[in-house]
Structures are given as structure tokens and as C-alpha cells.
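One chain, subunit A, appears in both complexes that follow, with subunit B as partner in the first and subunit C in the second.
Entry: the complex of A and B
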């Protein structure tokens, strides 16, 4: 473990007894998935895709927060930046876990891949430049290469700064962030179009990328809130985390609650208003059976509940309210991903099946377990927060005198 | 008595830190009718003064809730009750199409709530304030920091209050008239 000594007087939390939890999740998940692979192949594939998209949210959300930190030269993010860097650094692991299933079984997952002559389907014909198996393979792999490269560059400089404290690392990270944010926007949009939106290739929505982005960062911030609280109590982040850290994470979480609702509403509103069959079919399908209730759950549970709960400023600092809300956010984001993916195999919305439940839980446990395992490994082997970030003192609420100021003071003292 | 017409005791400080420490002392002494004036916002001053979270939020919330309800009611009344009119083959009333209007109304009225709530809580507009006559107080918009304790404060006893502010490091003090 790290050498940081907790400064808080509270008894520190010991999570050692849960050290084996990721392994248990992996084994349990793997058993469930194996059964599914042979018994319920379709449920297995779509549940696995749902879990993949869910965890991709956390990886990309982590990457986004790192980029955000450098772009705005922010101070409040310093305590959690290392955690975000590790989240982003999980990209290759998620790629290895997810891509084989998506690429090998692409024909079973994506109906457009199974169309014999792509030019016989008009929607596919006009989108052929992007929607062809070669592009799908190349882009899918390239996206993970880009994310891995960007995440590693940023973390490498951040870790090097722990040693040297040189400002050149901050400057380098800013440059990566400036180019990286553009790259991030394009790659995230491409990824979500290929892996999630292309399930119904006839559909159009220009907001789909930003829609997924809004939900992703929202979920990541909820996760960060709870992780920060936990790691403060275990002592890892105790020296840097203050009340205002929680207020700031909470505020951005709140902002993204509104942002997500704004984006999802805009997508729905434009389609509803224009009433063009090529677009409306997507939502019409999602009014069948159980999907209607899931849609309502997204409106009320994804927006109204967290929005009204977090309106008051003091709530954002109360772990007893925020922790359950973060758990709720995970559930809501999973519901959102399911709402996007599962109607493809259950257009009538028959409801929750046992196979679907088992596969959903197993996929989440399997991918989540692996990511947790690798996250813990990187977290434990590195310092828990950027040790020598230029803004670390400010974050800790300490004023450090500039050299020029100190000299001026000694001069005036002598005089 | 000279003090019968005195508004309060004005104490001048040179640095934000001094003013903040003075505020902490005044807060701990239990004064209720007093204020701090600084040329720029000083972080942590709210706490040093013992100020609770502002009540303005409630005004904006009520404004927002009113705007939300009024927006829907207005559109329903106009487009589907008083003068039903079919637009683009859409239903006469739906939660969807009025939403941009409802949303704007929510924002507009919550902004009104915030502005007017703030004015109301601050007892503004005010035609005159005793401090505005004070020549020295002009520096509050430049480089000086002021703590003012009103003579109407139940805890106010001139000698003790002067001692308290002096012990906080005040360099200059003067009485401000009504």
C-alpha cells in the first residue's frame, strides 16, 4: 500500500476483506456467461454488449475528466485525477474483454452485417462507406489503440511528474489534452455509432454521440464520488480531499444530470416533431410492452429523482444521500444502455426473462470484476494522487509563498 | 449624547486575513447586527462571519416551479381548451411540444425569483445608507477591508467593542453617524 498517512481523526476503513471480490466476480460471471454462451446465445451476446457499453462509459468518462482537468487547468480535480487516469488506462483491458466477442460474433449481433447484398438495402447502401465489415473491424480496433495511447501518454507524464515535479510535464499534458479532446469527441462518437447505434442501421440521430457521452460522464462522476469517499476513509486520499472536493464532484454530477436530460429530450423532441418514419420507428419500438416503462424510468429516474435530490447545495456533501444516489445512477445508466440495445432482440417488450437477468448480471460481474482487478492493481502500485501537481497545495487549502514574495519579505524585514 | 445618532463603529483593516480574523472574533463574541466590506470576494468569509447558506435558493425554486406549471397550463389553455388548433397532425395536448416553452418559463421565473428574492432579503433598493457618507469608507472599493458593528446590536458596548476590534489588529476606527 502507499506510504500516505491518513490525517483525519476518523478510524480508517479497511477494505482488505474485500480484496478477493474481483476474483469472485470474475469466476461467478464466467460461469454464468459460459452457461449463456451455450444455452442462450442471443441473450449472452446482447447482455455482454450492454455491459461492455456500460463499462466503456466509465473508461471514457475517466479519460474525459483527465482531459478536462488539463484543458481548464483546474484545481478541484487534482485529488481524483490519478483515479481518473487509472480508469482511462483500463481501455486496453476493456478492449481485450469486449472486442473479441463483438468482432467474432458481429454477424449475430448486428443485423446489417447479415444482409447478403448490402446494396439491396437502401439505408445500408448509402451508409456503406462506414457500415462494411472491414471498416467495422479496423475502426473498432483503431479506437482502442487511440484511447490506450492517449490514456498512457497522459498517465506517463503524470507519473513522471510525481518524481521530478517539473512543470514541463504539465505543459506536455496540456498539449495532449488540447488535441486529445478533439480526438476524444470523434472516437467516442464513432465507437458508439458502430457498437450501439448500428444495431438499427436504418436509424438517424445526430445527437447519439453526445447522448452517450452525457450519460457516460454522469455515471463516471457518480462513481468518482463514492470512490473518493471510500479512499478518503481508507486514508489514501485523506491528505488532499476536502469538503469542497465532494461539493465540486457533486456539482458536476448535478450539471450532467441536467445535460443528459437536455440531450436525450432534444433527440426525442426532434424525432417526435418531425415524425419521419425512418426516425420514429426507433422510439415507436421502445413504446412496446416493458420498454414503455423503462422509458418512463429514464425520464423520472435518470432525471427528476437525481435533479430534485441534488438541488440543495448541502446535499452534495452528504454521503448518506449521495452514495445511494450514485448506486441509483449505475442502475439508471444500465437501464439506459438496455433501453438502447435490448429492444433489438425483444421488439415487443415481453419483459424480463430469467436468461436475460442471468446474462445481464453475469456480464456486469465478469467485465466489472476484471476492470476492478486491474484498477486496484494500478492504484496500489502508484501514488494515490498526483504528488507534485502545480496546484496540489491549492487543492489542500494551503497557501505556498512564491519565491519572489519570500525574498521581498526578507528584504523589508532587514530594512 | 453623541452616540444616540451613531450608526455604528467602523474598523479598518489592511489585509483580507486581518479582516477575516476580526470577523471570526466578532462572530464568536455573539454580535448579530454587523457586516464586513471588502473590495473583492474573500473565500471563507461566509464561514468566518458565521453566515448560513443564503435563502435565495428557495425563491428561485418557487419561481421555477411556478414557471413550470404556468408554462404547461398556458399552452394547454391556449392550444387545446380555449382555441383548439391542430398543428402538423399532432395531438392537441402532449407533454412534448410545449416543453421548450415550459423550460424557458421555468428558467425565466426562477431567475426572477433569484433576483427579486435577493433584493427582498437584502432590503433593497434602499435610498440611503449611513456608510455612503463616510469618506474613509470609499477605500472599501479599493484596498481596505472594513468591519462595521452597528450600535443597535444588543451586544454593543462602545468600550468593549473598541477593545475587541483593537485586539483583532484594527489600525483605524471611527464612529459613523446616521
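Entry: the complex of A and C
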């Protein structure tokens, strides 16, 4: 009833020489941030927030893919599910890295926090129940507690199933996923409102949570594609990854390219068309100076380039095209986060400053280095893919006789 | 790295018994049985229940010409419209029917592209439902223009009246293009999918007329390798073309409201929220129609409990997305600090139309939550009852959006209350008659389930399966 896959292959890639890269990123990033902290405080804070929101996308994107797998009882995600679980498991690390800066320097980051009498500002007064320092602190921490708890519960059962193969773990994960998806939607929306939308607390859009979600999953899928290819070549995922794995990740990546464009277009179009000043000011500001060019880059680079590139089915299986595209996706998502965050400190869009560049790179390196370090630690201490997932035969595209079929055959033979 | 050593090979095992997937065709039904079962519905004697339902539906359908005729000869004053509620049931009904028309192409195109094989048992009937629903929807904008003899002004036709052109900036005009394109492509997709099955019926037909018409419409299909190859390519292309259309139609319908500055209408989440709602209502209607047909035609082995469960899950997912959108609208109305927006939502929940709002919430948000539980998803009768609540809820959603935002606008002196007239109600009832007449004709003359597609998801079509020709345990 079971068998060994013939697909195990010799590793063609050794990443050992890059083992120290996360540490180098952390140290390099820390030096850059330290300089920024004293020399360019504003750039430091906003670049750090941008990097935080960027990596939050990967953590929540990973969590979403795990939830998706269990909710849809899918088979194609099996080879990358463990990576997604580790991504989601980075939530507490990101919380520790990000929250102290955001919470301690909240007054310097969020203009609404600096308003002395919140009731003198109508936009703040109406939502004071949510927009007050205590709620901001409590909710911010609570969100990371929820994500950590959910990610840990899912990974715990997943790892336990490696040992036992018991169906009860799948059933438990499905239950966590069912409740988890509701929690996920609620907490992601709250998080993005607090940490990004509240930078301009007068502005509002019902689409904003969906918008961040679409971009997050998009970037996560790009990341998954490259990681899967790398780990296949190192031999870790070689036994389970097939051509169809890349095609499936690529297809969803393509679908989210369209979904993100649809969501962002709808948000922009409806605000532009209604032309209500309390909404349009957000986009009007982003038509100034450099922000206009970044906006164009988002239209063409976030949508048209990946859309046209991935339109053909066979492209989704070509690493030579997909790997640069994934790198491009990282850049585009970073541009998107910048487009949301940085106009607060440069409403006229004067341009890219050296301090801004250094702080952006340093923040990405510092947080990214830490996350990479913890990801690798989790990855090497556990099996690289779910060892006894009930859908493994379907993943591998092979027929294995089912217990029910065997029973039926025995019955008919006896008869 | 100790545990990574585990990965040098992968142990492929069958899933535990309790996690086995139910097959999409039960009891290992052979391919011939599938043809007999589905074509048998057409070949058999017309059942008495069909005639009774058909006659009743046709009589109900007559309400349409009667009341539309009355409307045209008298004017839109026969409707319950007043100032400021210039949009009433006609628009509600239009959006309702368009929403119903979403499931068919979604099932055929999107599920096909996502390699969801379970769509094969329901796609044919769902596509038919789509086409008939869009036909019902199309009636309302046509008669809403007031002077129906000017309905052709909806189209940008060259003319010597100035010339007068439609307002290209209006989403109502975009609706004309979106809905007509969607209808055309859906019809084409449906017909193309029918071709191999029409050929099956043609080959089995004994009477001349049947042979002639089924032969004519099966376009000389022989089932050759070349035919199948072209068919599969065309199917994929049409699926790719239909998918953005599915999303665009209801997005544009949502623009009818969202581009305005009316509180309760102008909200950026409207496009995906409307699409989710449309899929929700479409699946609700598929369940309502297919569950009785499954029993009547004894299709339990082809339209299994697993199919029903999966449809329930889609309903649950889209219903919950709709719930998220309802919540988000309320939240942002408070968050934005716009008193008109905030009042609009308070008025929806606690104003004169509170009953409509809470019917909507109960049916669209609470009802699908029952589908979290397997025990309830597998209770077919209960699912059918809940699917009716979904249909009711989605009509009320459109009513709430249209009427509650209009009846109390910016100037309190204009506030009014809207009630439909007999003409409003009976015209809408008449469209149900039209829908049922068309659907009954469909199940009588065309295969209710896509024969060739269902055969394609059986074990016999799987080259890895021993029943599909593979030798040994696995390959």
C-alpha cells in the first residue's frame, strides 16, 4: 500500500557557503540602522516601518497558504507547506523585531498620536475608541499573539503527523484553519489599518485590508517559487517537487497578479471617479513628484510585466524567467509599501535621498537577516516537507490502492 | 540535519480511511451507464410532473408580457417609484438575476482552470441557469428606460439626431457592454461544451427529427482525435476568456452604485463584494435547482453528496466574504467620520427598513455558517432549505442597497418611503416563470449533466488507475 518515490535525486546546489549570509545581513543592517537612528531619525523610522510591513506580508502570506491548504484539502501545496508553516512561525520574531520600534516611537511615526487634544481633530475624535495609545499598544501586541498562536498550533500538528501519520492531526488542522481564516481576515485588516492606513488617519477605504492581503499573498508566492526551486536543487525538496508544483505556484502567482491589480484599480477608480476631497487627498499626494513615477511603476511593474510574462503556461515552469520575476515582485511589493508609507514624510515627492536609500536597505537587511536566520533554524531542525501528508500520493501523481478499494476487492473475492 | 535525512526519499502511502476522498462517480459506474442515465432523461417519456410544472411556469411567465405591456402603455408611474427613490424593484431584480447568472460560468471556467474536477457534474445545468438568468436580468434595464421604444439608445448606434450618443462615462452603459459580452461568451461556452454530448444523443436517436436537429447542432462531431484536440484548446481559451468576464460583469454592476457619491453606495470594496455575493447567490440557486433534480432523475451516483458538500463550502466561503464586506462597510462608516455615511448605515439597521436589513444578515451571513458542520452539509434536505434562504437573502441585499440609500438622502424634506406596487411584484414573479420555462425545456431536450466531462473524471479515464488500464499497484 505504500512505496518509495523514484524521484530522489542528487543535490546539484550547495548553499553551505552562504550559511553566514543572515548574520552578515543582520550586522550590516544594524550598522546602517544605528547611523540612521542618530543621523536620519525620520528616515530610519519610516524605512523600518516599510520593511516591517514588507516582511509582515511574507509571514501572513505563509499563514494564509497553510490555511488555504487545509480548508481546500488541496494536494499541490504539500511540497511547500512546511516552508509556509515556517514562514508563519516567524510571527513572534517579526513582532519582537518590529513592535518595539513601532510602539516606542509611535508618536514620531503616526501623526495622529502627536495631536495633543484628540477631540480637536474630527477624524481622530470619531474613532478615538480605536485610535488611542492604549488601544494601539494592546491591539498591536494582541495581533502578534493571535498569529503566533495560530501558526504554532498548525505547525505542531503538522510536525506530529510526520511521526504518527494519524488522520486526527489533519482533522485538527482543518478545524484550526476553519476558525483561523476568520481570525486571519479580522486581524490582518486591523493590523494594516493600525500600522499603515493610520499614517493618514483622515483617509479611509473599505478595500484597504483586501488590498494589503492581495499584495502580501502575491509576494509570498513569488518567494515560495524561488525557495522551492532552491530547495529542490539542494536536495531537500527533490523527492516531492515536480514540474506541476512550479506550474501550480506560478498559476496562483499569476492569479494574484490579476487579483491585486483588480483590487488596486477598483480602489483607485472609485475614489477618483467620486472625487470626494476627504478621499482623493490620499492619491493626490501620491501624484506629486517621485510618487507619480512610483505609481506608474506599480501599474506597469506590479501588473503588466508579470501578467504578460506569465500568460503562457510553459513560462511558469521556467526558472530562468520566474526567478528574476520573483525578484522583481519583491521590488514591486517594496515599492508598493513605500508608496503607502513614505509620502507621509515627503508629500511633495522630492525624490530618493541617500539617507532614505541607506535606511531602506539597512532595514530590509536587518529584519530580513533575522527572519532568514530563524527560518533556516526551523527548516534544518525539521523535515523539509510533510512526511506523511494524506494527499502525498495525489501530489506525486501516482495511484495507491485505497483501503476501501482493498476491502471491496476482498469482499467480492469472498463472494 | 538528522530529520532532513528523512527527505532523501518520500514514502507514498494511501490516506487513512477516514480521509479518503469520495469518488466523483459512485459505485464504479461504467461509461455506458453514465450515457444511459443522462440521455435516458431526454429519451424517456415526458413525465407528468414536467408537464404540470411547465404549464404552471408558462402561466406565471404570462405575467411578464401582461404587466410589461401595461407598463409600456401607461408609463413607469405604475411602479412604486417616487422621489427620491427613482430606482426600485427593477434594478433590484436586475442585479438579483445577474448575480444568479454568475455560478454557471464560474463553475465551468474558473473550476476548470483550477483543475477542480468536481465541477463536471454541475457545470452544464449551472451554465444553462446562467444564460436563462441573464435573459431574465436583461428585461429590467430595457423596461426601466421608460419609453421602451428608445431602448436602442442604450447602444452607440450612428444616428442623425444631433447625433445623440449614450453617456460613455456612465457605468449603466458599461453594463450594456459587460452583460451582452458575458451573455454571448457564456452562450458560446455552453454550446461548445454541449457539442460532444449532442453527438452522443444524435447517434442514439431513433426518430428523424431528433436525428436531424441533434445532428445539425453537433456540427458533424465524430469524436476523432483531431476534434477532441481542437475542442480542448477551444475550451481552455474560452475558459480563459470567460474568467475575467465573470469578475467584470458584477464589478461593473457594482460600479452602477459605487461611482456615485450616495452614502451607502460609494465604497471601494463594492466590486469584489458584489462578485462574492454573485457567486454566493449563483451557488445558492444551483443547489436549489440541482438537489430536487438529483432525486427526480436518480442521479445520486453522478451528483454525489461530495458535490453538494463542496458547493456548500463555496457558499460558506463567499457568504463569509460578503459578511466581511457588510462588517467593513459599517466599520468604515464609523471610522471615516462622515455623518451622512454613518447615518445611512444606522438607518439600514435600525430605520424603517430594519426588517429588510436583518433578513439580509440572517440569510447571507448566518445561514451559510451552518455549512461549517459536515453533518449539516451532508443533510441534503437541510442544504436545499438553506439554499432557498440564500436566494431570499441575496434579493434582500440588493433591496437594502438600492432602497435604503435612496429613501433618506441629503435633504430630510425629500425623505420618503418606498413600497412596490402590484405591477412591480407580478413582473418579478413573471420572470421566475420565464426562468422555469426555459430551464424545464433545457432538462427535457438537452443533457442535464455533461456526459463526456463526467466520463473524464472516472477511474476509467485515469491512466494511473488499474481500471483505466494501468497494470500493477501504482505507476
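Worth pointing out:
What we mean here is this: the second predicted complex is superposed on the first by the 393 of 415 C-alpha atoms of A that agree within 3 Å, B and C clash if a C-alpha of one lies under 4 Å from a C-alpha of the other, contacts with A are read in each partner's own complex, and residues count from 1 in each chain.
Assume contacts are C-beta pairs under 8 Å (C-beta built on N, C-alpha and C of every residue); 3 or more make two chains touch, one makes a residue touch a chain.
A quick note: this is a predicted structure, and the numbers were derived from the prediction, not measured.
For the composite obtained by overlaying on subunit A, subunit B and subunit C cannot both be accommodated without a clash.
By the touch criterion defined above, A:182 lies against subunit C but remains apart from subunit B after alignment on the C-alpha atoms of chain A.
By the touch criterion defined above, A:108 reaches neither subunit B nor subunit C. When both complexes are overlaid on chain A, the residue A:273 reaches subunit B and subunit C alike. In the superposed model, A:205 lies in contact with subunit C only, and not with subunit B.
Once chain A of one complex is fitted onto chain A of the other, the partner contacts of A:355 are absent, as it touches neither subunit B nor subunit C. In the superposed model, C is the one of subunit B and subunit C that contacts more residues of subunit A. On subunit A, the surface patch touched by subunit B in one complex and by subunit C in the other comprises residues 273. Interface residues of subunit A, counted against subunit C in their complex, comprise 1-5, 7-8, 71, 73, 122-123, 125-127, 130, 162, 165-167, 170-171, 178, 182, 185, 189, 193, 204-210, 235-240, 251, 258, 262-263, 266-267, 270-271, 273-274, 276, 278, 380-385, 387-388, 390-393, 396-404.
Within the complex formed with subunit A, the residues of subunit B that make contact are 53, 57, 61, 88-90, 96-97, 99-100. On the side of subunit C, the complex with subunit A involves touching residues 1, 3-4, 6-21, 113, 244, 247, 251, 255, 258-261, 266-272, 317, 320, 324-325, 328-329, 331-332, 334-338, 372, 462, 464-466, 470, 473-475. On subunit A, the positions that touch subunit B within their shared complex are 265, 268-269, 272-273, 275, 311-314.
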